[in-house]
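Just so it is clear, A, B and C label the chains in written order, and each chain counts residues from 1 on its own.
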Amino acid sequence: MTQQARNWLLLAPAGTLFLVMLIIPLTVVLIFSFGERAPSGGVVPAFTFEQYANLPARWTAFKNTMTLAPVGTLSALIIAYPLAYFLAVKVDSKWKTILLVMVIVPFWTSILIRSYAWIFLLGGRGIPMVLDWIGIEGVRLINTPFAVLMGIIYGYLPLMVFPIFVSLDRLDKQLLEASSDLGAKPWRTFLQVTLPLSIPGIATGCMLVFILLMGEYLIPALLGGGKVFFVGNALVDLFLQSRNWAYGSAVAVALIVVMLITITFYMRLIGRLGTSRDDVSIM
Amino acid sequence: MTKQIDHISKKKFIEELERYRKGSITRRHFMNITGLGAATAVLGATMSGPQAFAAGDIGDRVVLATWPNYHDESNFEAFTEATGAHVQVNVFGSNEEMLAKLQAGGSGWDVYVPTNYTITTYVDEGLIEPLDTAKLPNYDASAFDARYAEAGSVGGKLYAVPKNWGSTGMAINTAHNGGKAISSWKEFFDISRDSFSGRSMVHDYQLTTIGSALNYYGYSFNSVDESELADAEKLLIDVKPHLFAITSDYQPSMRNGDAWLTICWSGDGKQLNTDIPEIHYVLGSEGGEIWSDYYAIPKSAPHKEAAYALINFLLDPNVNAKEVLAHGYPTADSNTYKLLPDSIKNDPILFPAKELLSPLEFGAAVTMTDPNRAELMARFKSA
Amino acid sequence: MRIYATCVYLFLYTPIAIIALFSFSAGRHASQFQGFSIKWYGKALSNPFVMDALETSLMVAVASAFLASVFGTMAAVALQGIKGLVRTVFDSLIYVAVMIPGIVIGIATLIGLVTVFDQLNPLVSTLWPTGFTPPKLHMGMGTLIAAHTVFLMALVVIIVRAKLVGMDRALTEASSDLYATPMRTFQQVTLPIIFPAILAGFLLSFTFSFDDFIIAFFVAGSETTLPIYIFSSIRRGVTPEINAIGTMVLGVSLLMLITAQLLLQTGGKKNK
């Protein structure tokens, strides 16, 4: 068997799966997005841009997603970074593994159950009751954008901590020592050595969390009370309530396009940061 | 304990139930879990034995798609004990959601609970199985009030048998309104934007949420008129920032005090009022929905025999009476009605006065399939 | 720093502690603690739907993690030796599969396959020999496993490829110079090097598939996975049964982790 034949054979299962489970479904979505809604739901084949013209009707959902996804990603980053730094640099190696595992363990309880715990914590008998007790009255948390943000940070924090930890852990401790030996103040060392070296970890973590948030459905559904709506919620609504497959397909296509643009842009940005990092290491 | 009373006749059981009820126990006490729990054990025992069910092996499971807070869980336990089939209960918040799931194929449901006005659509779409009454010996057509049973037959064929009927009104926690209830949809939407801001809820269900907004202007609950719908949309969008939530499962937030006002189905109103007397259930003076829910079998049901057995079991007047006590909705079955305690028969939430019911409308089939209403609801939610 | 870390751990564990606490409540409602009881554990374990859902979730997770690891590794190895159009197509497919949100994968798979099945089913039944009931393609465990596999496979390709790129080419070349068959080279040289990456891919895939709700929500047909069961339970008003399930899943994962750690430690000692 020639090497080429062998390669084809090795690629066959992956290729078949991609064709049947990715290319065909996405093509059907694309075709449907030019169709029309059938009277009782489903789709009538057509060629119309009507569904795309109607996209502004979901503007708020796109706006919510496009604000809460980056804000959620950034908040998770801000909370995760010091912890990852602490775990990678400050903690004794004896405790490192245990503490790291403890970050991941919450991830093994279903996100549904964890969000359910937040329904209770943010509801009238949870944190607001405690606040009431210490004199801050009338605080309402559940079913607000804040509740959704809270759920997002909670749900995705481990995904952010892990890659940053990995990149910081690889960092040569001698580099830090050298920097301080040369009389650099700690924050200067951090800004000029540590932070640039951890950029790959930050990039991976942000990308992971951002992708997941762009398609988020559960957290807004459970903690937003139907009031904080993401594109994901709009999609579920269109397919599972109003049964408008044509319009739903157009919204799905729009979401994919938005993501392609954002992520390509993001990769460019990271690429540029990457080159500036090389400058730092040369310096 | 169950073994000892295995051979109590149904008649004797009803006497027991009556005695139990007439004792020094209050209605509220009777309704709580312990009371029902005791009754359950008794009932579960009398029900065991194959005579009440379809003969033959029905398998070990049956999947029911229904609404929130809609059954007495102990009846399912009794069903499992008697037949060996476990009941999985899936809960939905709107008829649209049920239809969408069935249309997409492979719902896996054996029994579902459609509302009167949706059944013709299911028939048109070929999603619903005509019922074989021979497999439903407990179904006594003559015992049902035709008003709440007629929607089950389409084109002379029986597709669905009545579960119970009810009304759609509102529940208000009067403790936050100076002890006063309200009585109209106008008040509902007005106080939602005022003293109840951040405390009221509407359903995640276009029929009732849009319907109530239409009622606010004095339009028909079922309107598909474009300018009337535009008014309703304006009102809903205006109210939205003041809402606590858009959800069809509003009991938890009403119970824990997060929310004070909600669009409410009468049985939920009854359940809430029983446990928290400050929560009142009222009908809107402008109108609202009167409806009847049915048991039906999807064409795609994987366990049809078990589906018939479950429906037949739930139609048994003794079982149905317990269902009524748990869910608080009125039954259209006179055989079941006879078994209910007087306190239920005279309950103003279950059986409101005629003049309160008269402005209510049954949902219309077109309301379910009208694309404008569906899209209005989706817009309102994503606004 | 230490205080900060403690705060983050508190943030991570308070909700979990609450879940575990309420799993021991005797009351019916998951948000009010009414006396200590372990009855919900018994209820969960004797509820056939919970056990079925768990079984379905495990089967789907094992099958899709296994298939994704095998197919993904095969593709990663093959792609090493391929350039040009095929390479570009596969690379973009991998990129798309990883990047598209789960909800879009779920929806696309649902409407795509329902449409295809609607076309295929009549065709199959006309071609099928009379007298036999023709098979009917439908949404179910098969479609769910396939949907999970396709994008987990993309993930495995990425992980394994990172390892393959770092591998010294001289090793495989030396092996084939010594007249080892390609299969032998793979078994004895490549596989041991990339195995940790495959294992990592498998574990990641398993975790993801086991916890996935949104794809299963659309694609699972009449099958109920554990997350789907939990979702419908949350909607019907949660009893502490759900808390008990969550606590048990967490407990079992912890137990597995500790066992793995112990095994690795003793294994490590033996090697020394």
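Basically, contacts are C-beta pairs under 8 Å (C-beta built on N, C-alpha and C of every residue); 3 or more make two chains touch, one makes a residue touch a chain.
Bear in mind that the values here come from a model prediction, so they are computed numbers and not experimental data.
Novice: What is the chain whose Cα centroid lies farthest from the Cα centroid of chain A?
Specialist: B
Novice: Specify the chain pair with the maximum number of C-beta contact pairs.
Specialist: A-C
Novice: Between chain A and chain B, what is the gap in Å from one C-alpha centre to the other?
Specialist: The answer is 39 Å.
Novice: Once you find the CA centre of chain A and the CA centre of chain C, what distance in Å lies between them?
Specialist: The separation of the two C-alpha centroids amounts to 18 Å.
Novice: So how far apart, in whole Å, are chain B and chain C when each is placed at the average of its C-alpha atoms?
Specialist: Comparing mean C-alpha positions, chain C is 38 Å from chain B.
Novice: If I count partner chains per residue in chain C, which residues reach a count of at least 2?
Specialist: In chain C, the residues touching two or more other chains are 31, 110.
Novice: Return the residues of chain B touching two or more other chains; collapse runs of consecutive numbers into ranges.
Specialist: Each of 104, 256 in chain B touches at least two other chains.
Novice: Please set out, as single numbers or ranges, the residues of chain A touching at least two other chains.
Specialist: Where chain A meets two or more other chains at a single residue, that happens at 123, 125, 239.
Novice: Which of the residues in chain C come into contact with chain B in the complex?
Specialist: Listed in rising order, the residues of chain C that touch chain B are 28, 31, 47-49, 110, 114, 117, 138-140, 221-224, 232, 235-237.
Novice: Touching chain C in the complex: which residues of chain A?
Specialist: Counting only chain A, the residues touching chain C are 3, 6-8, 10-11, 13-15, 17-18, 20-29, 32, 79, 82-83, 86-87, 90, 99, 101-103, 105-114, 116-118, 120-121, 123, 125, 154, 157, 211-212, 214-215, 217-218, 222, 232, 235-236, 239, 245, 248-249, 252, 255-256, 259-260, 263.
Novice: Enumerate the contact residues on chain B facing chain A in the complex.
Specialist: Against chain A, chain B makes touches at 94, 96-97, 99-101, 103-104, 121, 124-125, 198, 204, 206, 240, 243-247, 253, 256-258, 369, 371, 374-375, 377-379, 381-383.
Novice: Residues of chain C touching chain A in their complex?
Specialist: Listed in rising order, the residues of chain C that touch chain A are 1-2, 4-5, 8-9, 11-16, 18-19, 30-31, 70-72, 74-75, 77-79, 81-82, 86, 90, 93, 96-105, 107-113, 115-116, 146-147, 149-151, 153, 157, 182, 207, 211, 213-214, 217-218, 226-227, 230-231, 234, 238, 242-243, 245-246, 249-250, 253-254, 257.
Novice: Under the definition above, what is the set of chain B residues touching chain C in their complex?
Specialist: Answer in residue numbers: 33, 60-61, 63, 68-69, 86, 88-91, 93, 104-109, 249, 251-252, 256, 302.
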